[in-house]
Structures are given as structure tokens and as C-alpha cells.
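Here is the structure we will look at, set down as C-alpha cells.
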Amino acid sequence: MKIRTVVWGENVHEQKNKIVADLYPKGMHTCIADALNKNDDIEATTATLQQPEHGLTQERLAKTDVLIWWGHAAHGDVSDAVVERVCEAVWSGMGLILLHSAHFSKPFKRLMGTPCNLTWREAGERERLWVTSRNHPITRDLPDHFELENEEMYGEPFGVPEPLETVFVSWFQGGEVFRSGLTYKRGAGNVFYFRPGHETYPTYHDGNVQTVLRNAVRWAHNPMTRLQDVNAAPNVPVETAPEKIEERGPKLHQAGEEGYR
Amino acid sequence: MKIRTVVWGENVHEQKNKIVADLYPKGMHTCIADALNKNDDIEATTATLQQPEHGLTQERLAKTDVLIWWGHAAHGDVSDAVVERVCEAVWSGMGLILLHSAHFSKPFKRLMGTPCNLTWREAGERERLWVTSRNHPITRDLPDHFELENEEMYGEPFGVPEPLETVFVSWFQGGEVFRSGLTYKRGAGNVFYFRPGHETYPTYHDGNVQTVLRNAVRWAHNPMTRLQDVNAAPNVPVETAPEKIEERGPKLHQAGEEGYR
Amino acid sequence: MKIRTVVWGENVHEQKNKIVADLYPKGMHTCIADALNKNDDIEATTATLQQPEHGLTQERLAKTDVLIWWGHAAHGDVSDAVVERVCEAVWSGMGLILLHSAHFSKPFKRLMGTPCNLTWREAGERERLWVTSRNHPITRDLPDHFELENEEMYGEPFGVPEPLETVFVSWFQGGEVFRSGLTYKRGAGNVFYFRPGHETYPTYHDGNVQTVLRNAVRWAHNPMTRLQDVNAAPNVPVETAPEKIEERGPKLHQAGEEGYR
Amino acid sequence: MKIRTVVWGENVHEQKNKIVADLYPKGMHTCIADALNKNDDIEATTATLQQPEHGLTQERLAKTDVLIWWGHAAHGDVSDAVVERVCEAVWSGMGLILLHSAHFSKPFKRLMGTPCNLTWREAGERERLWVTSRNHPITRDLPDHFELENEEMYGEPFGVPEPLETVFVSWFQGGEVFRSGLTYKRGAGNVFYFRPGHETYPTYHDGNVQTVLRNAVRWAHNPMTRLQDVNAAPNVPVETAPEKIEERGPKLHQAGEEGYR
């Protein structure tokens, strides 16, 4: 079965800004989905902010193996209920890939537990991404470094928790650096942040970037059956303890009672 | 200067439950604060849910080096505004120590980005804590293992992100295990989760537990000046880039404009 | 193509000790290889200490995707040249799974950079392994915990570096705990330590243990082309620097010279 | 008591190369020790390759809180016995700071378990170090970035295990990046790798670099009593098991016997 991938796009600048519309006439999300669909093992569709429930109903997320998220101008318009739903899907095993300005998206901030802030400059400068983890699944078929001639700069310090692995570090022409590829795990879900992708540049048409996205989808995909009740905190009665014990001492809870939350 | 420590207690069961009130006549928070105040380098005070702003005003948090949090029955009564304020203090450098049932407290879940769930049993069984990181600052003056004759059981899997370090692992009489001491960093703030402390047992009167708390306060304390504007994402204008560059390519933002959030 | 797996066995106790020989008439390594070969995607063969170059020639390692290592009584008899060869294969992308008493094997100590010590007791007591990372590839098809009725005890503190992830924690009847499943990455190679497997008990006949081994082989397998020259530290001449620069200041090395080692 | 720090210098180029000798007339090690001794809480002395046992006798290491290591041309001349002794001191709690070309030193490679390789260029180019962990003890009193006008370039991928924390990332004028400050823990010992310090440039006279070294010494210092017998793997007899158990099943070892190594 193919990896069922949903590319979520905010789809705001594509409608309002001629530069962006010219670069991505069908939207950035469609450009990314089209690139992914060139791979036999990936089946990518799209969803956007403007759709009911932002196109991310409970039913759809249940059938999504990997969700890719691009947002920028309208982070605040994303419904908190959908954000919670996305996070629960991640905890239960859905992969999540956050692109560029999605560092400030609600799902990323929610999953990281930190401000996720950085410095930035929009000057069309050169970015060079260096692989810092050789032969990581996400760097497959890539050279040790590759360039994007025009990109927005993001600079350190990047306000995120220490990752499981730092996969890419970027060099910028203007003198900054940035940890551009970071892996995390939240519950059973694999999470990857990937820096490039400013909307006024043709980044998602770039071959190396498309390779990263393909690799990241495969890496983020957890083929196991999704966990159920990811928030459950079940009581284990004395009678079913793995080792035989006798209850003793004072108690707060009655037998079979639910715990506090 | 002493380490300014605030012990936050939910203070609900101490008022309602005779067993808890007998064990902790002045409240669990006061018991913990009293134990910490035996150390020359720590100055501990208390705060409770029932106080205005739960006793955690902006002014007080600004002067708090380490916050200790115990909650259980009333997680939902804690104001979201106070939770956000606590998290911002952590990101800016305040230490945070979460005790026992605070695994389900709002600040911990907010900082972890995961469900923080587990299994549990209230049977007064024996818990034995094993040190898994020898000579970690938090294990100072402790033997390789110590026991609590009566404790609530918490069992794996524990729904948290992989920690920076696993410091303690607990053995339970009924057959379960639990990662009982976990360190994290969120922004400039050190975060420590410590498992023991069910309210119907005299855990916070235990000498080894008091040693862990003293060590944890010292470990969590970040003596540097608190970071300001922990959410700031400043623009770096072209003119002040570390290396001289010329602006090129299309732009979304006007000079000096703020970024989207 | 199948995952080419080599199960390396010390093969000493199987020859000398009747209990072990009765449990594993063809050797522990063959028992493990047979279990793995029940899976369509794995092709497991064996190698032993007594063979020339311990059965691990350069040619064979070059064609090995995952190496499984069991040793106990004869760690010191393993040739340092073979150990270095194994480590280089790991750095270049070969997976390595270390079983039980292989915590003291030369390759594990070499890759960890620590003493890898622990406490132990041979009393045939009960071990219960708890999953601490739900839906990790290594825990696929396993319940949240499973038991081995007779095992040797290994106790914390375990002298290893903090892992990428703690996947299993063991409970022992005699009161100890142990981090029984730990993942690492060394160069491009995935490394997994798995605790159970004392030679006087039928551990490798256990269905859950066989499931772990199958999962671990799949997890450890890095399908990418093996890295070449894993120790190379190439000079980047000024003329081929990614950005145009001019050489300046005093120099130690002549153009084209090799670096010191 | 002051932090007893030993600065170990290879002291080869200072004797042979006029540029290095002019920059560091008393040796790089003495320059570093002098800078550290400006701090009231640090007492730094030096040791060099040419001294008996390279100046690192068992007695001296036992009284050393933090060891700083600079080597380049003569890694191979360092005695394996001294390397093992240094590693044992680290495991028992001594801090270790590795500078620049010490990435290829025997102690660093031994503790990392990886090739520790990188790319390099000696062109006197500009290096800019960015802080990636705000308010980390090692970045105290530093700005978010600082520059070294002339340095050797080290480029990624850097062949080391994923660190506990990435503290600095360097930008190089010629287009490369490097993770310049990495923290590890090996046993009870804190380990820090810091990149700058090519011998033909005045790097160790730089104020920011001296601040990093001072901070790193304080961070690496573990004030607890050094662990004894860091390689010990003690047997826990059945009679002294924390929980009462009865021995059962077949055994390999006789009572009181030592384990295999």
C-alpha cells in the first residue's frame, strides 16, 4: 500500500500575491503533492485552510500516514480543535513534516513545547544546506551539500528542544547559520522540521528539495496500526497486577475509579 | 544569593481528606518547603491554587529561580493564563520540577507536547528507585538504590518525549517499572520530572526523597540573567547582516515590517 | 533483496557445558539464525569465534547488512583487527545488534566509549520486559510487556552513554531494573543492545524474543550504499571552496598536503 | 576549593614553527592556562607530551577536576596506557575539554566510538560562531555570535555521535558550516568539544574564546567524589538480592565466582 500523504497548504499568498501565484499557479501544496506523486510508493493529496475543518476531518486524518504542513500568514486562523486533532494523530502514529514558516504553526509549537522562534531576513540570498548525518534515511541520494540560490534567511538561535538528530545545517550568504533539518518523536509519531521554502522563490521546484521531501515522507511513515486512546491512563487493579500483591495502606481512590486529570 | 524556590501545591486533598491532612498538617507544599529550607543555599516559599493568580503573579515568577509543582485533583482549575506565564518563565530560564501526579498538570503537558499518560495502581506497594546515571548532580549523596515502602504504582509506557537523561528507574512490587527521574531542557529552563509522592503516603518526609529534591533544585537553577522576549523573532535588515550582501529577488515583506505569526 | 544477516556466536559454552548444549544443540547462533530465516525478508547465516578471522572477513562484512553478536566467556580472544573491521563496517552503514553478555564484547565497548558495566545475578529469576517506546519499529507485534520465567539478572547502573531511545526496561523478581533495549547510531550504522539471552535458559526459543530480533534486524538495516573511506578527512583546497575566498595569513600545511592524524 | 584544571599541550609546533612560537612563546597550553588563572575559581597548570607519562600520571589525574587537551601533529605518539588512564578518569568523573585538532586525538576517538573525521582548509578565512543553545552555562557572557577573523575551516559532516546538546555552530567565509561546540557525557564525566584554535592564528588570545574556555571548565567540573572501580561488574548474591528470591534453574557460575570479561 502506498504512503497516504496529505500536503496541507495555507493557500493565502498564492491567492493574493502575483509573484507567488506565478511561481505556484496551483498552489505550493499542489506543487509539493505533484512532486511526491512521481514516486510509486507515495500517494499525495492536498488540503487547505479554506476548506471545512481545513480539510483535516477526523476521518481523513485517520487515513493519513504522513501530513506535510506549510503555513505563514494565517497561523492564527487555524482552529484549535483541528490542531488538537492533528497532535492526537501524531501521538497515535501519523508522521508530520513541518516546512519553513511552519516553525510558528500551532501544531509545531504545540508538539515542541517551546517558542520555536528565530531571526530572519528576506533578501534572496544564497543558502547552502550541509548534511550533518551521513546516510540518514532523509539524506538518501543527496550530495554532502546543495544550494538554493535565493532563499529567505533563518538564523540561530532556533527556539526548539534539542532534536533526536540534526540532519542538515544551513549556511547563509549574509553570515548566519541554521539547523535546517531536525528530527523528533512525539508519541508514536515521527516529526521532521525542514527549513527551506519561502513562497517568493521556486524552492519546491528544486530537485534536491523534492528528494528531501520524498525521503522525509518515507522516514516519517510509521507502518504500524495507529495507537488507540492515546491519552488513556488506565488503572491496573490489584487483582491483575503482574505480580501477586496485597493492597495495604490508606487509599484515595475507590476500586475501579477513574484517575484525576 | 540563595536559590529562590517556590513550592506550588494544589492544596485540595490536604483540606478534604483526613489521611492526607494528618500526614501533611501544613500541606504537602509546606512540608517540601520546610525540607528545602534546611539547606543554606535554598530559600523556599509556597504558593497554592486557592490564592489569587494561584500565587504565581508575573512579579513573583520573575523572582523565582526554581518552581516545584504538585497537583492532582484540580489540574483543570489552573488558569491557562498562569500556565502560559509559567512556561514563558521556563523558556526564559526558570527551573521547573514536576512531582508525581503533576505528570498530568497543564505546564508539564504544555512543555512536553505529548499526552504524558501512564498506568497506575493505588495499593501501597513497595517502590525501589534505581540510579541510572551515576554521579549525576541529581543523585548526589544517594546510594545506588533506595526504597519507599508504600507508594502508588505508575507503569510504563510513559507518554513523554525521550529525555536528555534518564536519571532514575523504579521497580514496583506488583511487577511494573517506570522511568522515575527524567531531565529536559525547554528554552533556557531546566525541567525535571520526579515520580514519587502520592498524597496518602509519607513520601515527602523521606530523607532520600528530600535529598533528591534538594539536588534537583540546585541542578534546575540557571544562574544567568533571565532571557527577555522569549518569543521574539527579530528581522535582521540587509544593512546589518554580518556579511555584506545585496538584496535581490522578489520580496513579500516591506523593510522594517514584522513577520507573520 | 533480503536483509543479509550474520549471527556471530562465541560457541564456547555450547561445546563445554551440557546444559547449554542440550538447549542449543546446534549452537545459540544457529537457533537465532533459524528463527530469523522464518521471515521472508531476512537471510541469516552464522559465524563463530573458532573460524578463520572469526568468520568475519572483510569480504563477508562488506556483504553483511546486519551483524548480531553474542559472546561471553571469550571476549578477550576476539582479534583486535576483526573488532576494528566490524566497527568500520558499522560506521559505513552496517547494522549491529548486541545480545546479553555482549555488553562486555570488544565491539560494543569500542563503539560506546564507556565501561558498559552492570551488576548481575544468576538465579533463574523472572524477568519482565516493559515497552517504553510505544510503536517503535523494534516493538512491533509485541504486547506492552512480556515475561521470561528464568533469566540472569542484570542491574543498573548500566555504564553506557545515554541512548537515542530507551525501548525496553526490565523488571526482575529479585528487585532490580535494567534498561534492556537501547538504540544508538555510530556513523551511518544503527546499533541496538538487547539484554536477554543467558545461555543456560531457553531465551532464544521464546516467541517474543524472536519477534524482537526480527524487528531489530529490520530496524538496524540501512539500505543505502555503504560509505567509503569512513575515516577520511579530506582537504578542501582554496580553489574549490564553495564560496570564492582568498588565502591569507600564515599556514602550517603546503598545498595538497595530507592532514595530521 | 578551586577547580583543578590541567591544560595538556602537544607542544610540537611551538618548538618547530616560528609563526606558532611567536604567537605562543610559552606554548599554547601556557597561554590557555594563564587565561584560565585570571578566574578566582580556577587553578590551571600545564602538562605536555614530552614529559614522563606525558605529565599525566595516575596521581595527577586523580587530583585533576578538568583536563583540557590540544594535540595535532603527534596524536600517534601519545601512549595508549595514558589514553586508557585518561578515559578511566573521565568515566569516574573528571571533565574533559577537547580543542580543535584534538578531534583526532586518541582520547576523543576512544570516548566517541566513531571516526571523528571532517573536511578542512587552511586559508585564514573568517569564522563566525553562533550560539544554538541560549543561556547554556557554556555560552554565559557571550553575545549571540562572535567572530574569529582568521581560522582554519572545519566542515561537515563531522563524524561524531549525536551530542547531548549542540551549543555552537560555525559559519565559514568559504561556504562551510560546522557544529563547533558539542556536549557529551561518558560515565560520570562531562565532555565538551570546542572547534577553534588553529596554531598559526592568535585564537587563544581572543576574549570570547577565553570566555568559552572558562565557562566550559565550570560546566565540565563534576564536584562529586570520583567513582571507584569504574569497570567493576559486581555479582549480587541471591542472599543479598533486594527482594527475597530462591535460586532455581541451571547455573553457569559457582557462588561468589567472578563474571567473564
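Letters A, B, C and D name the chains as they come in the text, with residue numbers starting at 1 for each one.
Heads up, the rule we're going with is that a residue touches a chain if its C-beta (ideal position, glycine included) is under 8 Å from a C-beta of that chain, and two chains touch if they have at least 3 such contacts.
All of these numbers come straight from a predicted model, not from anything done at the bench.
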item: Contact-richer chain pair [A-D vs A-B]; value: A-B
item: Chain located farthest away, centre of chain A as origin (C-alpha); value: D
item: CA centroid of chain A to CA centroid of chain D, Å; value: 36
item: Centre distance in Å when chain A and chain C are each reduced to the mean of their C-alpha atoms; value: 31
item: Between chain A and chain B, centroid-to-centroid distance (C-alpha), Å; value: 27
item: In chain B, residues with contacts to at least two other chains; value: 128, 133-134, 155, 159, 162, 164-165, 171, 173, 175-176, 185, 187, 242-243
item: Contacting residues of chain A [partner chain C, same complex]; value: 93, 128, 133-137, 140, 145, 147, 164-165, 171, 173, 185, 187-188, 222, 224, 227, 242-243
item: Residues of chain B that touch chain C when the two form their complex; value: 128, 130-134, 144, 155-159, 162, 164-166, 169-172, 175-177, 179
item: Residues of chain C touching chain D in the complex; value: 13, 17, 19-20, 72-76, 87, 91, 101, 104, 110-115, 117-125, 150, 153, 155, 159, 161-162, 164, 173-176, 184-187, 198-201, 230-238, 241-243, 245-253, 259-261
